[in-house]
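Two complexes follow with chain A in common, the first pairing it with chain B and the second with chain C.
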Partner chain A sequence: MPLNLTTATVAVGDQAPVLTHTLSRTDLVRYAGASGDYNPMHHDEPKAVAARQPSVFGHGMLSMGIVGTALTHYVGVGALQTFSVRFARQTWPGEELSTEITVTAIDGNVATLEVKLRNGDGEEKVVGQATALLGAA
Partner chain B sequence: MADFPDHSGALAALVGQSSGPIELSPDPVNTAMIRHWVEAMGDTNPVYTDHDAAVAAGYPGIVAPATMLQAWIMRGLKHTLDLEAARAAGNAPKGDANSQMMALFDEEGRTSVVATNCDQEYFRPLVLGDRLLVKSSIESISDPKQTGLGHGRFATSLMEFFAVPNDAVTKDLTNEQLAERGALVGTMRFRILKFRPGTGAVAPKAKPPRPRPAITQDNAFYFEGTLAGELRIQRCTDCGALRHPPLPACGKCASLNWDYVVSEGRGELLSMVVNHFPQVPAFDYPLPIGLIALDEGTRIVANLAGEPGDWTIGDRVVAEIVRFDDELALPVFHHETKEA
Partner chain C sequence: MDDATLKGFIGTEITRQTVVVERSAVAFFADAVLDTDPIYRDATVAAAAGFDGLPVPPTFPFVMGNWGAFAELQPEGAPGPGLGIVLGALMAGGGLILHGEQAFTYHAPVVTGQVLNAVGVIKDIYVKESKGSTMTFVVAETTWSDATTGEAVCTTTFNIIHRI
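After this line comes the complex of A and B, so read on.
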């Protein structure tokens, strides 16, 4: 299985390239179709407003997916072993979401990474942790 | 706080139980759904869409994005709509541990839900033609806890994903038999908080002040009056007609001479609207607004107290002068009680 990183090329403190994505209502519709999650809070504005939300909002699993995209770009799809997130805040259409991924520990051939997704104001949307396999040096 | 039952015992009995029978994904891992997914995510990694690129990267062929794990077993909109229709017809399928757990939470007053965590493990990338099965169970249910959102319980469900080659799926094999032959390819733990709405520990954000009226020579007496606890209504000193809102000239005789009377604030509800949209944070919603015929003989538009459903055209009303802040007081109309 291809491993993008090796024990020789990665060090604690390294950061993955930042991935930035401006969330649109169209993204929410596409994600609903792709994931099969048709909760109306994510695509039906009148229902979301009736539920006292300012507008439709992003699926938590879409936030996780965006971070997952940046993670797998960095470590390689087959290298990702675990990926855990806490959904800290809702995401809103129009927000510019940016990933922040830092290597925090290396134990043998496994790297631990801290992951975050923030909006343009720095608000944390999801925070979590992942582990990835590293190739031999 | 309302009295809710404590279902700790019944909930504890559900921990470890399977949420329902093992389910088979409707479709094998396929390029069409992968493309929808990566486009929604803005993921341009070619290993998800281009066979040659995937092989060049060291994979046997196109692989599916790791976080797409659960999407393969989602049953989609039709299933949800069928379930809703069955519920509406009173034929709700019941009995699986997950719906029992949700019903117990609801009975405890925990009717609001929010997803809090998702943990996934991946044992190998999914490839085209993998057919997934999922075995779901309730892994844990917490004791009641006071959280920022409200008084609630956390519940974690565990999903174990097995894969078999699509051509291994035949009518002769049950999902359980298929899962036994399959390889465990991933797990997902999904944690939710079910909580009582309105019991959050976090104080709501301070409301911004109400919008300021534009004070002019003509209307200053009115806003000074409300700040003094009076409902002042402009009166033409030539013909005696009352008018509101304040204006420089009398609509009846065109006189520019006026003073004011202090209204008793009693009258009848002539008409009303409910402001749903746009919502301004300074106000509480739903926001009923009434047109009131004052007993003294003119009309006034003002907020109505309570909920829109409390009001019927023709209701007798009385004004309360509400002081919103140091600079602003306005009449809000209530139902007139009989004591006066």
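After this line comes the complex of A and C, so read on.
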């Protein structure tokens, strides 16, 4: 399994490359299909508006999935040991979302990372933590 | 619903399911989470990285029960009442359901072609009062294990909030 980071190359404070994406309604439809989550709040604008939402909004798990993509690109596919988030705010079509992933601790061959997804105004959409295996130095 | 009735749901088995991890579902899911890595699409790339099949994106275990849960694979009896057993009771009085938190613990790689058994249990239920609302938190944990070896591969923890 690819372990992209090693105990020799990683340090507390290191940051993963940022993944930035402007959310579209097509993204929501694609995630609905790929996940099997057909909650109309994520694709049916009239129903979302009737539920007093300004528009359709993103699946929380799409936000977590985008963070997961940036995270695995950084630590390596199969390196993750844990990954958890709290869903802080809804995401809206047109928002520019950016990942923010920072190494906060290293214990032996395991790194702890703080993970976030923010919009262009800096609003936190998801906030969480992950741990990942490091390769030998 | 009174507290004792609510707490009575703790420990309830809500799902029991057998699922095949399917290749096309994994590639489609990788598209949806904006991941273009060929490791999720090209068997040669996945094999070169040391996987027995194609690996899955880290949040795929949350949805894999929606794919590959073919009827003939399912264990005897019903697949379980699902979270509806407690959410239905809570929603009977109105309110809103929110996904509060989600966690994954990875024990071994999940790969395409693998057959997995899932067992889901309600782990905890607790209530908080906040800004005039009653928030009921329901924590469900699903353990996924390899159907052949019995080895646990992944644990998913789903925390949903009923707000009224």
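The rule is short, and it goes like this: the second predicted complex is superposed on the first by the 137 of 137 C-alpha atoms of A that agree within 3 Å, B and C clash if a C-alpha of one lies under 4 Å from a C-alpha of the other, contacts with A are read in each partner's own complex, and residues count from 1 in each chain.
The definition used in the following text is that contacts are C-beta pairs under 8 Å (C-beta built on N, C-alpha and C of every residue); 3 or more make two chains touch, one makes a residue touch a chain.
Every value quoted in this text rests on a predicted model; they were computed, and no experiment measured them.
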Chain B versus chain C as contact partner of A:49, first or second or both or neither: first
Which of chain B and chain C A:80 touches, first, second, both or neither: both
Partner chain in contact with A:38 - chain B first, chain C second, else both or neither: first
Interface residues of chain A shared between complexes with chain B and chain C: 1-2, 19, 21, 27, 30-31, 33-37, 60-62, 64-66, 68-69, 72-73, 77-78, 80-87
Chain C - residues contacting chain A, complex: 25, 28-29, 31-35, 37, 39, 49-51, 55, 57-59, 62-63, 66-67, 98-106, 109, 157
Chain A residues within the chain C interface of the complex: 1-2, 19, 21, 27, 30-31, 33-37, 60-62, 64-66, 68-69, 71-73, 77-78, 80-87
For the chain B and chain A complex, residues of the former touching the latter: 33, 36-43, 45, 47, 57-59, 63, 65-68, 70-71, 74-77, 80, 114-122, 124-125, 277
Of all residues in chain A, those that touch chain B in their complex: 1-2, 19, 21, 27, 30-31, 33-38, 49, 60-62, 64-66, 68-69, 72-73, 77-78, 80-87
